[in-house]
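One chain, chain A, appears in both complexes that follow, with chain B as partner in the first and chain C in the second.
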Partner chain A sequence: MWAFNLRGVKDLVFLSTIAVLTALAILPLLHIIYMVFSNGIGAIMDTGPIFITGTLGEGGIGPAIVGTLMLTFLSSLIGIPIAFAVGIYAYEYPDSKIGKATTTLLQIMLEFPTVLVGLFVMQVLVIPMGSYSAIAGAFALAIIMMPYVAVYTKESMSQIPFTFREAAFSLGTKRFRALFQVLAPIAKRGILTGVLISMAKVAGETAPLLFTVGGLYQTYPDGLDSPIGAIPLLIYTLVQSPNPADHAMAWGAALVLLVIFLGAFIPIRMSLKEVKL
Partner chain B sequence: MRKIDAFDLLTSPAVITVFAIFIWMLFVYLMKSIPAFHRYGLDLYFANIWNATEDPSREQYGLLSPIFGSIYTSLIAIGIALPLSISYSIFVIDYAPKRIKNILIITSDVMAGLPTIIYGIWGAFFLVPTLKDSFMEPVYERLSFVPIFSTEPISGFSIMAAGVLLGIMVTPFASAVIREAYQMVPFKYKESAYALGLTRYESTKLLLGYIKPAINSGIILAFGRAIGETVAVSLVVGNSFNLGASMFSPGYTVSSLISNQFGNAFIYEHMTSALYAAGLFLFVIGLIVNLIGLYVLRRWKKNVGL
Partner chain C sequence: MRYAIETKDLNISYGDNRVIKGVNIEIPQKAVFALMGPSGCGKSTMLRSFNRILELNKDAKVDGEVRVFGQNIYSQNVNPMNVRREVGMVFQYPNPFPHLSIYENVAIGLKLNRLIRSKDELDERIRWSLEKAGLWGEIKDRLRDYPSDLSGGQKQRLVIARALAMKPKILLMDEPTANIDPTGTRKVEDLIFELKKEYTIVLVTHSPSQAARISDHVGFLYVGDLIEVGETKKIFESPESELTERYLTGELV
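Here is the complex of A and B:
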């Protein structure tokens, strides 16, 4: 009887520990969202709409918002086509030596410290060009975004039933057309998900921009070969300032970034369950 | 040898580009750090010294303190992430009702993707003061004879704050690996465990043994993430050279050293090269840690498939 009770007690302790630790794992996110909203709304309210449209001198983060949008768009332009082709290659050659090495490389790049990409781009683009630039930032972000797009492309193509492949080839189509015009469109939903997730990811990156874009907050960016700002980078600068007014502004900018991120990420993530092929 | 067709012609340049970028990156780090190795030898990694002066002959750099800080903070991080991610995976797979399960999974995914600067601002303005007031100060008053608690928490910006913040940040990555593995445990094992009359605690313990390699791999990958994280850490770690055992002292990590010093490194003759050597350290550690983590996970998945 005693032995049975001890086991029962252990079981109860176990269950409650699991529940408490699970709560502890996700509570930080709720608190972060709460803090960003409660501090950020105050900061934005104090300045009014100027906060979104104005330059730093006017108390706004307009140039940073434009910078983030431009950098995300440019990096997608560079990164997505390459990554898409790499993903299809990795899908087509899952067992060849190069195919396996490609898959491994993509997974390593997913986990790679992003600050190293920034330092690398500084050396190969910023120094030869003689100035920080939007192009350099976009190139750094493209390197970071490629593995996401490629891995999603590969995974969602792998889920296509083999019969579709047979059907495509039995019509006598060449491999190029079968893959790009028949199979890739079937997997387009999964591929698109990867594209959107990678864009949400790079829009929030800070470290690769530290030594590549230069930061530009007093005027709007003019041209791709000149410095540009970004919301995450601006927050990083403002948090380190000793001035409390800058801290308030950092919270406001964090709110804008969080809204952009959640607005993009949650709908994508919610729709993922429906991806079935 | 199969014939090369349009598909190969179109995709292989892209594959070559990606490989080339990666190799080029490694090459740049090697080339740029060679001058520092020539000058300081292995002291570059094994000495704790940071003398930035305008007189190049008196410049001295040794990265021991940031390397120590990187490892220290990352170990604290996985110490936090390990119990959280295992509990989370068990709860999500075995006990959570369907609706809560979905919410928990989405929450974890959002945490994995959340811009790190948002963790950083929360860490600097909330976590650091809160940890200082409600943990570091009371613990220091009572337990300051324990080496890891032995310095007075002055600002709160410390190794510990960085470790805790990193722990929160890498938990979702470890969780994703462990949860996926735990889900793959065949249902018949669970049935057999309960059929033997085991309690939930006992059967879970048994099943966790089955996915142990996956847990190891999740933790290794989380360590890799933690050691490479930059901006959030540099906002809370305190950024000062320190080799003490106390986690209440401010410290440095390799990545926060780079983000802090690289901007003005060009003023000094040898600092840029020393910082590239720091980057090379991160590069190699990241590569090794991730390769091991991926290898362990792949081997386990293969064995399970049998």
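Here is the complex of A and C:
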């Protein structure tokens, strides 16, 4: 009887420890979301709809919202197809020299300081072009998103049971078709999760944009080769100002960023069907 | 008589480990040939050399010849993709593609290889394949469903239909009933019996009783050596080798 109780007590202690640690880990996240909502909602309410549509002069962050959407879209357009192909390559030829080098390179790039990516793009695009531009920002963000997409692609592909690989090839299919038309769709959910995470990541990036996009908040952007703004960059700029009104606006912008992020991420993530094996 | 498959001094190794040791085997057409032997004797490996699917395993090395209808499939000018279209395969774990509907599962080989011209022709071929696999009656109203709801036996017959849709001449089956229940097993075995009228079937099994039930010829493989080969009836009634006898009586596992 005594032994049984001891086991029960151990179980309880273990479970409650895990519960407390989990709560500790989630608490800061919930706190951030709470802070952003409580501080941001006031700023937006005070200004009204103009906050979303107006330019900075009118008290709004419209150009920054458009900028973030454009930069995310453009960088995805550049980064995702390349990264997807790289991920498939690293999965298919893991033992080849290029395959091994790619895997190592991707791991380094995942943790690469993003500010250095910004500096690099400034050197190769901004200085030769003579101006900050949307395309330079998108290029910098593409470099940051590619390793996420590639690593997620490779990992999700690697989790496909070998028997499906055999089945695909046993139909006399070319390697290219087996990979892209049979196996990649099986790993769809994992690959798309990587795509979403990478898009969320670049939508929230500040450092790579510091030396590349210039920032444009008084008018809406008018071309890919001219400066553009972004919400995180605007927040960074506003917070540095001594004016409390600017701080309030930064909170409002933070709330908009959070809503864009959650509004895009949660529905897409939930609508992705798991492929039942 | 021309054989469906012949091997000449077939050797297969994984690195330094030789798993098939100089096997010469002749597999007659339009009959069921069972490769039997205890687990790990190399029978699945040997089966996979008959359509070059073994090449997916980078460590595997094949020496010697495998002739499919007289043509050595390991000679330089042979494209393994063409071999695989002629030699279909069914696996130990029933593996219809989980992300494709029942219809799409049968259609995928034809679509990927651009072997079909019109939608009508495709519908026709899918119905034909599912009928051949004895599955049409059970699932004709569920063609758009996903295979995850099918029973193990139905999944395996769907995989057989997927292979048949390519109109192969030979079907390789790697322990096709190992992971399905007795009812499903019986249906698959009945189907194999039906299919041998038109196809050459090479079946790997670790169960001597299954070999006895459905095969016309049988080869006994033990640790990479082909111990004995011949008509099923003859081998089961009067095996020549003592090893075969011990295997058939259940002493070798």
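Note that the second predicted complex is superposed on the first by the 237 of 277 C-alpha atoms of A that agree within 3 Å, B and C clash if a C-alpha of one lies under 4 Å from a C-alpha of the other, contacts with A are read in each partner's own complex, and residues count from 1 in each chain.
FYI, a residue touches a chain if its C-beta (ideal position, glycine included) is under 8 Å from a C-beta of that chain, and two chains touch if they have at least 3 such contacts.
Small disclaimer: the values here were computed from a predicted structure and weren't measured.
In the superposed model, A:69 lies in contact with neither chain B nor chain C. Contacts of A:265 after superposition on the shared chain: chain B is touched, whereas chain C is not. Of the two partner chains placed around the shared chain by superposition, chain C is the only one that A:166 touches, whereas chain B remains out of contact.
Once the two structures are superposed, chain B and chain C can be ranked by residues of chain A touched, with B on top. When the shared chain is aligned, no partner comes close enough to touch A:192: not chain B, not chain C.
Legend: residue contacts after superposition of the two complexes on their common chain; A:105 is shown touching chain B, with no touch to chain C.
When the two structures are aligned on the shared chain, A:174 is found in touch with chain B and with chain C. Judged by the touch definition given at the top, the superposed model places A:78 against neither chain B nor chain C. In the superposed model, A:116 lies in contact with chain B only, and not with chain C. Residues 174 of chain A lie at the contact with chain B in one complex and at the contact with chain C in the other. Chain A meets chain B in the complex at residues 7-8, 10-11, 13-15, 17-19, 21-22, 24-26, 28-29, 31-32, 35-36, 39, 81-83, 85-86, 88-89, 92, 98, 101-102, 104-109, 111-117, 119-120, 122-124, 143, 146, 150, 174-176, 179, 197, 200-201, 203-207, 210-211, 232, 235-236, 239-240, 247, 250-251, 254, 257-258, 261-262, 265-266, 269-270, 273.
Looking at the complex, you find that chain A touches chain C at residues 95, 161-174, 177-178, 181-182, 185-186, 188, 275-277.
Taken together, the chain C residues at the contact with chain A in this complex read 51, 53, 56, 58, 81-85, 88-89, 91-93, 95, 97-99, 108-109, 112-113, 146, 148, 159, 162-163, 166. Interface of chain B with chain A (complex): residues 5-7, 10-15, 17-19, 21-22, 24-25, 28-29, 32, 83-85, 87-88, 90-92, 95, 102, 104, 106-111, 113-122, 124-126, 168, 171-172, 175, 199-202, 204, 221, 224-225, 227-231, 235, 255, 258-259, 262-263, 275-276, 279, 282-283, 286-287, 290-291, 294.
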